[in-house]
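Labels for the chains are A, B, C and D, by order of writing; each one numbers its residues from 1.
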Amino acid sequence: MAAEPLAPGVWGVVATPFTGSTQDVDAASLAKLVDHYSRIGVTGLTVLGVFGEAVRLSAAEKRAVLEVVVDSADLPIVVGASSTSTAPVIDEVALATEVVGDRLAGAMVQVNTPDPELLARQLDAVHAATGAGLVVQDYPLVTGVAISAADLAAAVERVESVVAVKAEAPPTPPAIATLTARTGVPVFGGLGGVGLLDELAAGSAGAMTGFSFPEGLKACVDAWWRGGYQAALEAYLGYLPLVNFEAQARIGLAVRKEALRRRGLISGSGVRAPASGMPETLAEQLDRHLAAVENVEN
Amino acid sequence: MAAEPLAPGVWGVVATPFTGSTQDVDAASLAKLVDHYSRIGVTGLTVLGVFGEAVRLSAAEKRAVLEVVVDSADLPIVVGASSTSTAPVIDEVALATEVVGDRLAGAMVQVNTPDPELLARQLDAVHAATGAGLVVQDYPLVTGVAISAADLAAAVERVESVVAVKAEAPPTPPAIATLTARTGVPVFGGLGGVGLLDELAAGSAGAMTGFSFPEGLKACVDAWWRGGYQAALEAYLGYLPLVNFEAQARIGLAVRKEALRRRGLISGSGVRAPASGMPETLAEQLDRHLAAVENVEN
Amino acid sequence: MAAEPLAPGVWGVVATPFTGSTQDVDAASLAKLVDHYSRIGVTGLTVLGVFGEAVRLSAAEKRAVLEVVVDSADLPIVVGASSTSTAPVIDEVALATEVVGDRLAGAMVQVNTPDPELLARQLDAVHAATGAGLVVQDYPLVTGVAISAADLAAAVERVESVVAVKAEAPPTPPAIATLTARTGVPVFGGLGGVGLLDELAAGSAGAMTGFSFPEGLKACVDAWWRGGYQAALEAYLGYLPLVNFEAQARIGLAVRKEALRRRGLISGSGVRAPASGMPETLAEQLDRHLAAVENVEN
Amino acid sequence: MAAEPLAPGVWGVVATPFTGSTQDVDAASLAKLVDHYSRIGVTGLTVLGVFGEAVRLSAAEKRAVLEVVVDSADLPIVVGASSTSTAPVIDEVALATEVVGDRLAGAMVQVNTPDPELLARQLDAVHAATGAGLVVQDYPLVTGVAISAADLAAAVERVESVVAVKAEAPPTPPAIATLTARTGVPVFGGLGGVGLLDELAAGSAGAMTGFSFPEGLKACVDAWWRGGYQAALEAYLGYLPLVNFEAQARIGLAVRKEALRRRGLISGSGVRAPASGMPETLAEQLDRHLAAVENVEN
């Protein structure tokens, strides 16, 4: 649990599958999904994030999700905190350190203020209380808090326990350029991979996001390291239409879970209310995209 | 814990006082504040609401706050839930039922969707799991969710376990008129009492809000029942400048806590980060308002 | 049209009355309303602001409104610009200078960026093109732009042509304290007068806002100058319930116009779509408030 | 000017180029850009939209832009209105009908209310006053107004003068499916083409958006008609990374203008304040994307 920077590459953001009828956490599907991530060779996993529907889980369910993930793969794990204030965030990170132990690569904490000094204090307090390395997530769509990239860099520079930034305040490429120029901390793109090529070009360490074909994210990042823009473009191109399809506002999570279901990686695609399910009118187009991607993979 | 409608009158929204240096929960101040509410004769207390800074408390602190409140007065208690999704709301309400027991007059649950059917289902699920009567809080500034008064009434009509609505979506007077015309459920105004006269005229059952002189809220509501508009106006007028002063956006909680401190009801006026403290430039004006109100009271 | 600071006091924000059936500009009512302002001795008038529904008027109607106002009183006039970009703002200010001539006390321009340097450039460009003194309106609810008080002060300090600031970003009292401490420019409160006492205490030069009894705003400001807080409180108290009633979100303009109509100052209280009319459920309470205020005045 | 439905295909949204030093409208560049659209065979042009920076142009500049566009190509023209209220929208549409005459395929009017009846009345009033066919633009990011797809369809069904809908409320594919199922009106996607494949699958009539290689939009739409999903995918794939790059929040217009400049279609890439220019950190990546697309085209 030392504050080591996150390793570059793809950190798979893990969805929380639910059983069809009762919407309980589906441990078997979760294990299968995590196993898939493991087999394709992602760098690590991110659990209990926005796309893991963490805000819609009970405390017992959060613990159960962590336990399944820990048991299903040997990968390092980032655990998200849903609260935005110090005391309850410490509660959440304490649970993560207890369950995940040495495998905890970082606790993901939201930017909760535009003020870099207050943010630095919040991060210091969470680390002091838990010992965890911190992944700072800048996601204004979810938090309603907008910080400038310069102020975020200023906060990150002051806090030694920061092990990564997850940059999800569009436009992300210039923000990532600012953050990597000013801090030594690895910065990951998110937002479903819509800007992955441009985030890598801006200096990102990889992707930390959900996508039904994480193979595509990995192919892109690996190719970037190996051959730069042109290689990454070629590796990613076949996935991009599905990436855009899954990144649709409000319904993206439902679309992604349905794609995972059709791939056979989870058994049910339900999302908890009040989130919206995938509109039936998109079903056929999802099939087309999945067929096109499977074509690419073969 | 039967689903009896909340009694009309003033439900005092209890602030959570912190100790000066470490910002721990200040149990002695909390007990003193609750005792004050009790002595002035409010109908009941509302704990762990927005103005109780519930989202900035750990689970242990929430429990401690409830225990102090339960021990410090014999009043019925409404307990707020900060989460907006069913499973974690049930966690919070379960804690409230456990600690508050028969004194729990209602669990306060946020409107988390503009869809009346989804809202009704969320309320039904929380009641089914906990047995608690429900106070539905409509507070879009905090939740980001805007529901029409008609749709809110439609949801409330369908859910037997609703014991009250806390209407905090401005403009509240016409919303309260719609809700009281369409449901038999008591509706309380909030928002610091800025519109209390107009909310009573629209049919509200009283006030459920924080104000450093809850005596003023009670005087107004009692006078309304006794003598209608003119009596309530005369009773409330002397408090109104301080009501407006305390209702300032973003800093209202800090101003109110400082007013409580100057009244001697709590020992420290700190608010937890990232909330803002009271700007120093307001200190003198707060003194003027407090002096004017004390003048009214004598 | 020299850039002289606005004189302190009450600047009456003029509503645009419409005829009942066709919702044409009602020149006779407008003249009557302006004449009333003149007779009660306001310092000046503000025309084509948000509460004048300027964004819902055609170019010909804007000109007509200005002509009626110019002809109906000898007061100095501030004219609002609805656009937020330099070129169309210059169009609007040019119309104001053409029609209002020497009586133009200032052109009111919106804060359109949180960046003080960009804001200063916008103000300089408007002044360079038109010669008009500028009233800078900071009204994030309308523009969606949030600037800090410090940054607004920085912009104002750099631009000689600024003749006043209209501070409508809550909480306004600390913002006004910052602005008056850092600039020599008069700052006026708005927002219907809800915080007038506190704005005066923070150093405001008066009120620039709509209220159906501008007599109350004037009584308050005059009393403040004469006797400070206690005098102003006494002068304003009787108006405050109606002030709060008229300041209701979204429907405030409709309520205010209906109050003006019941006072006999305009013939019809219609607002142009898609703005909402006054809900019928508020009619009786408006009568009570008006009767109470008339009682105060006699 | 009869209310004929817009022809399907690509409607090129025309940027307004400015001269480098003084940021005057650059008529020569505008003519060149329009000529390019004409030569590649777009169905029509959309002028004075959001990406034409219409809200930052003076009335004289708007007229000049329209005149240049009319003189530079024989294509049908949609003209955007920036205002959201009936009277000033009528002013804008009247200018469009005067300058564009018989070539006016539609006046583009914003959704300005979530209420379908009020929206229908607004559209009827604009048509009654101007005779123009109407393109209804649903763009909540710009207007702040969110209408459901069902309510938008209800409004459109009631107004005969609607010739098209421009659907820019994400997620657009299900909204387009709803609109095309319920109305006979052609619906166009926008938003830079990020969802073009999915919008076509949902039944859209094509694209009405800005993109530095409108050739790509046209290739995609033409291929869709010819060969469905697979053909459109193949045609569009090479453009998609640049599409995503240009669709970046806040800086998208600046990126797109710089791409147009590098292509030689306009002389300067300046955007008017307070809009942001393209961050320098993106320059190299833009070159890579442009080279990759030119590779595709050859």
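Convention: a contact is a pair of C-beta atoms (placed from the backbone, for glycine too) under 8 Å apart; a residue touches a chain by one contact, two chains touch by 3 or more.
Quick caveat: nothing in here was measured; it's all calculated off a predicted structure.
Participant: Any chains in contact with both chain A and chain D?
Facilitator: In this structure, no chain contacts chain D and also chain A.
Participant: For the Cα fit of chain C against chain D, please give the angle of the superposing rotation, nearest 5 degrees.
Facilitator: 180
Participant: For the homomeric pair chain B and chain C, should the interface be classed as same or different, according to whether the shared residue numbers exceed half of all numbers used?
Facilitator: Counting which numbers both chains contribute, over half are shared, so the two copies meet through the same residues.
Participant: Using only Cα atoms to place each chain's centre, name the chain farthest from chain B.
Facilitator: Of all the other chains, the one whose centre lies farthest from chain B is D.
Participant: Please tell me the distance, in whole Å, between the geometric centres of chain A and chain B computed from their C-alpha atoms.
Facilitator: 36
Participant: Quick one: chain B and chain C, Cα centre-to-centre, how many Å?
Facilitator: Centre-to-centre distance between chain B and chain C: 33 Å.
Participant: For chain A and chain C, let me know how many angstrom lie between their CA-based centres, rounded off.
Facilitator: 48
Participant: Of all residues in chain A, which are in touch with two or more distinct other chains?
Facilitator: Chain A, residues with two or more chain partners: not present.
Participant: Which chain D residues qualify as touching chain A in the complex?
Facilitator: Result: residues 170-171, 173-174, 177-178, 194-195, 197-198, 201-202, 229-230, 233, 236-238, 240-241, 244-245, 248-252, 279, 281-282, 284-285, 288, 292 of chain D touch chain A.
Participant: Which of the residues in chain D end up touching chain C in this complex?
Facilitator: Residues 55-59, 61, 83-88, 90-91, 112-113, 115, 118-119, 121-122, 144, 272-274 of chain D touch chain C in their complex.
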